[in-house]
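Order of writing sets the chain letters: A, B and C. Residues in each chain are counted from 1.
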Amino acid sequence: MIFHTPILTLLLVSALAALVALWSAGFGLSVLRRWDLASCSRGQLMMERRTELVSTLFAMVMAAEAAALSLFIFNADRMAALFVGAMCAVGTLNVNGYGFPALYAQIATFFAAAVWLVLDHVDRLGRDYPLTRAKYAAVLAIAPLVLLSGGLQLAYFLNLRTDVITSCCSKLFTPANAGISDEMAGVDPATALWALGIAGGLVAATGIRALRSGRGHGLFALAGAGYFGAALVAMVSTIALYLYENPNHHCPFCILKPDYGYIGYAFYLPLFGATALALGLGAASPFAARASLRAPLPAVMRRLTLWALAGFAAYGLVTVWVILRSHLILFG
Amino acid sequence: MSALNRQRALLDFTVAALARRRIKNLALVAVFATVVFLLASAMFFASSLRREAEATLAGAPDLIVQNLSLGRQAMIDAADLPKIAAIRGVATAEGRLWGYYYDRISGANYTVMVPSAADLVPPPGEVIVGEAVPRVRDFKWQGTPLFLSRHEGDLVRFDIARTLGSDVALISADLVLMNEVDFRSFFNVPAGKFTDLAVTVRNPRELSTVVEKASAALPDARFVTREDIARTYQKLFDWREGVMVALAFVAMLAFAIFAAEKATGLSAEEAREIGILKAIGWDTRDVIAMKLWEGGLVSGGAFLLGTVIAYAHVFWAGAPLFASVLKGWAVIYPDFRLTPAIDALQLGTLLLLTTLPYAAATVVPVWRTAAADPDAVMR
Amino acid sequence: MISLHGVSKTYNEGRPNQVTALHGIDLAIAPGVTVFMGPSGSGKTTLLSLVGCMARPTTGRITLDGEVISSLPERFLTDLRRRRFGFVFQRFNLIRGLSVLENVMLPAAPLGEERAVVEARALARLESLGLAGKARMPVEVLSGGETQRAAIARAMVNDAPVLIADEPTANLDTALTHRFLDIVAALRAEGKTVILTSHDPRIIAAAPVTAVVEMQDGTVLEVRS
């Protein structure tokens, strides 16, 4: 364990998130058992008011997790100096077997909380709160994820040992190494960009169709998830090369550093935000036919779809801009 | 648009409400800012120490070979150099000359060394000094020569070629750099002897193999890797920062409990107001949002105030509150100025560490007030 | 427009201090000026809070323009209430430390309208109630009658079709009571519905009143119109 202030902060965030998750899960159980909007009892009214607290807490958890996610990477990058062989966040995350799982779990938690908030938003549009049971069933599924993410993070920090020799991004993200990361790095740049372009086309097509017809948000969510994957592959295999102007540097984390003008945030903020919205829309779409949602829902879905499309487009535009501006020539 | 208007209207009310209880809220911000100040000072201070150490270590060799005699470090024979250089994986190996010099005039200890980088080697009869040396010697003008005396009646004159910048001040402040001939004659070190050997290896992963082979070749030597030093520094700084942050954290916790107390035991006046707001049509959400604005303004204000004062305290005033705890080094250091070393990581950490406990401590009491019955004021 | 069917309200259900304030009320409130009268403890105020969507009945149904509202979640009830009803409380309940105008604008805050639009509406309402000159003053400087008129301006700032007032003249002398009745008549002329509670004979006999609901021990004794 390294006694570092950012580590203490991250653990504090995890602990608070775990507390919220446990409490909400307990409350979720009683909602599943006793929720009855037709009842005018005091107990039901109290439960209704308690859902306001849960919504507020989840919004806070999502905001804190999003902040913690960038802090986690930032801190890993900063700690690289402590580990032999580590040059950026990748090396630090590789110091023990919990680093990358902790990162992935945290990303999953962020998406889960965001999707839940979209469901919550949709639920509160309907005069009979049509999604309440589904929403609290989802809380029961999200709670273990939050706990797992906190646990992985704790295990990662407790097992940080400075005498371990780790490998840096140039080792991990090279086609010569076995594993997912190098397969991503090994994808041919042209293929990766084509895939990103096709995914972008699908997202645009499904998104516009959803905007026009007010339906098909499930497909839009699928296309969005596909775009997310394609965007990450393109980042590791191609965009990173243009950014660093180096045909062998594939790291998706170094772009978050001040050395590159924090440009990584211009990529990841819209991408993560748009993906979260798209997934949320997909999760809400099965409920669109509910009687109480028929009037208020389409306008909201439309607005969220527009925001998601804007986010995906921003990622694509930043990509094009980076490639045009770069001095590296991969195709010529 | 209407969501924005709503937030703006809620914010308007919050500001008016805060202004009405000006004294109470200013006191709250002041207490909160003090806690943030402690936390921020500890972090700024420790991180600038850490950065100085990192800057120094960046240029340090991968491995240092020292000769042990009677369990103490002794001069090492130049004949050992080829034995190390011959090991596979060693990129460079060179002998280093350095030592300490106690300056009776200023009562300070200088580190005297022969630099390995050619551009740092001064011409004969001249030295390059760290920024603290002219200061403790009270040199009034450029070009004052440095006289060093080894014993009563002895005086050796060196002209100062230049002074090192203060970007790595903590580690280099007490440096005196000489060329090899001057060093050997000043300290009376015979040719063929070095203080220790500095080794760099091609691949850091092979360092342990190199150390293994080297210890077979030189069984009496001691091997110190850069990571050993880095870890020692880091542990020292981390431990010290940890102690301070733990203290500040306790203060933060105490404040969070205080804030929760305050939010729970709302004054009758405030509770009545929230009752009125609910009665005239504010929703539970509206009240929560208004209260979150309030918390945001309080903790944001405390964050700004505490951080700015901590910056001034650490980087302008030299951290008088706890420099002695954290530094506690040689006599040469007390009035040296830290190089500002703050970055987005620290500020982000600090912001999260400021706002999160406050929000967490107040959200439940806030919700409890907001969930009041709207018809309560009619009863 | 507002109808109650078998409405009961019990406070502190299941606790030793349980009290039933209303027993099986059936009532329809038509546009006009309706007064709930009866001794204190007869359930007037509770009935007012149910009619005004402040609380949900323990049993029974309430409909507003044909829509059942008694089982709506609190959030929608609140939303309905702030668009349809304006409230004037017995003790007026202005918030001290804020100006008259700020107080009047408060009910509009959650609705997200343009600030300038709300302010113009609030000023117009204050002007019609003779308070234009005091808009920027703190509420502490207002007299009793002015405080009530500020409270009426606040109740009407969202242009709600129904004004609800609990014991509006309990703290007023005769002259101010007449002034209040003039305001009620003016609101009536604007097409607003007004619902009051009172045990003041001057109110019950007043010209604009269209219906009187006499209550006792949580039941309706008689409805005169």
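Here, a contact is a pair of C-beta atoms (placed from the backbone, for glycine too) under 8 Å apart; a residue touches a chain by one contact, two chains touch by 3 or more.
Remember, predicted model here, so these are calculated numbers, not experimental data.
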Centrality ranking, top chain (CA atoms only): A
Chain whose Cα centroid lies at the greatest distance from that of chain B: C
Distance from the mean Cα position of chain B to that of chain A, given in whole angstrom: 33
Between chain A and chain C, centroid-to-centroid distance (C-alpha), Å: 49
Whole-Å separation of chain centres (CA-atom averages), chain B against chain C: 63
Multi-partner residues of chain C (each touching 2 or more other chains): 74-75
Per-residue overlap in chain A, given as positions that touch at least 2 other chains: 49
Interface hub residues of chain B, defined as touching at least two other chains: 284-285
Parts of chain C lying in touch with chain A, wherever the complex brings them together: 13, 56-59, 70-76
Residue ranges of chain C touching chain B (in the complex, touch as defined): 45, 48-49, 54-55, 74-75, 78-79, 81-82, 87, 89-90, 93, 95, 97-98, 102, 105-115, 118, 154-155, 158, 166
Complex contact set, residues of chain B against chain C: 1-6, 8-10, 12-13, 16-17, 20, 273, 276-277, 279-286, 373-375, 377-379
Sites on chain B touched by chain A in the complex: 43, 54, 204-205, 207, 227, 230-231, 234, 238-239, 241-242, 245, 249, 284-285, 288, 292, 343-346, 348-349, 352-353, 356-357, 359-360, 363-364, 367, 370-371
Residues of chain A that touch chain C when the two form their complex: 37-38, 40-42, 45, 48-49, 124, 127-129
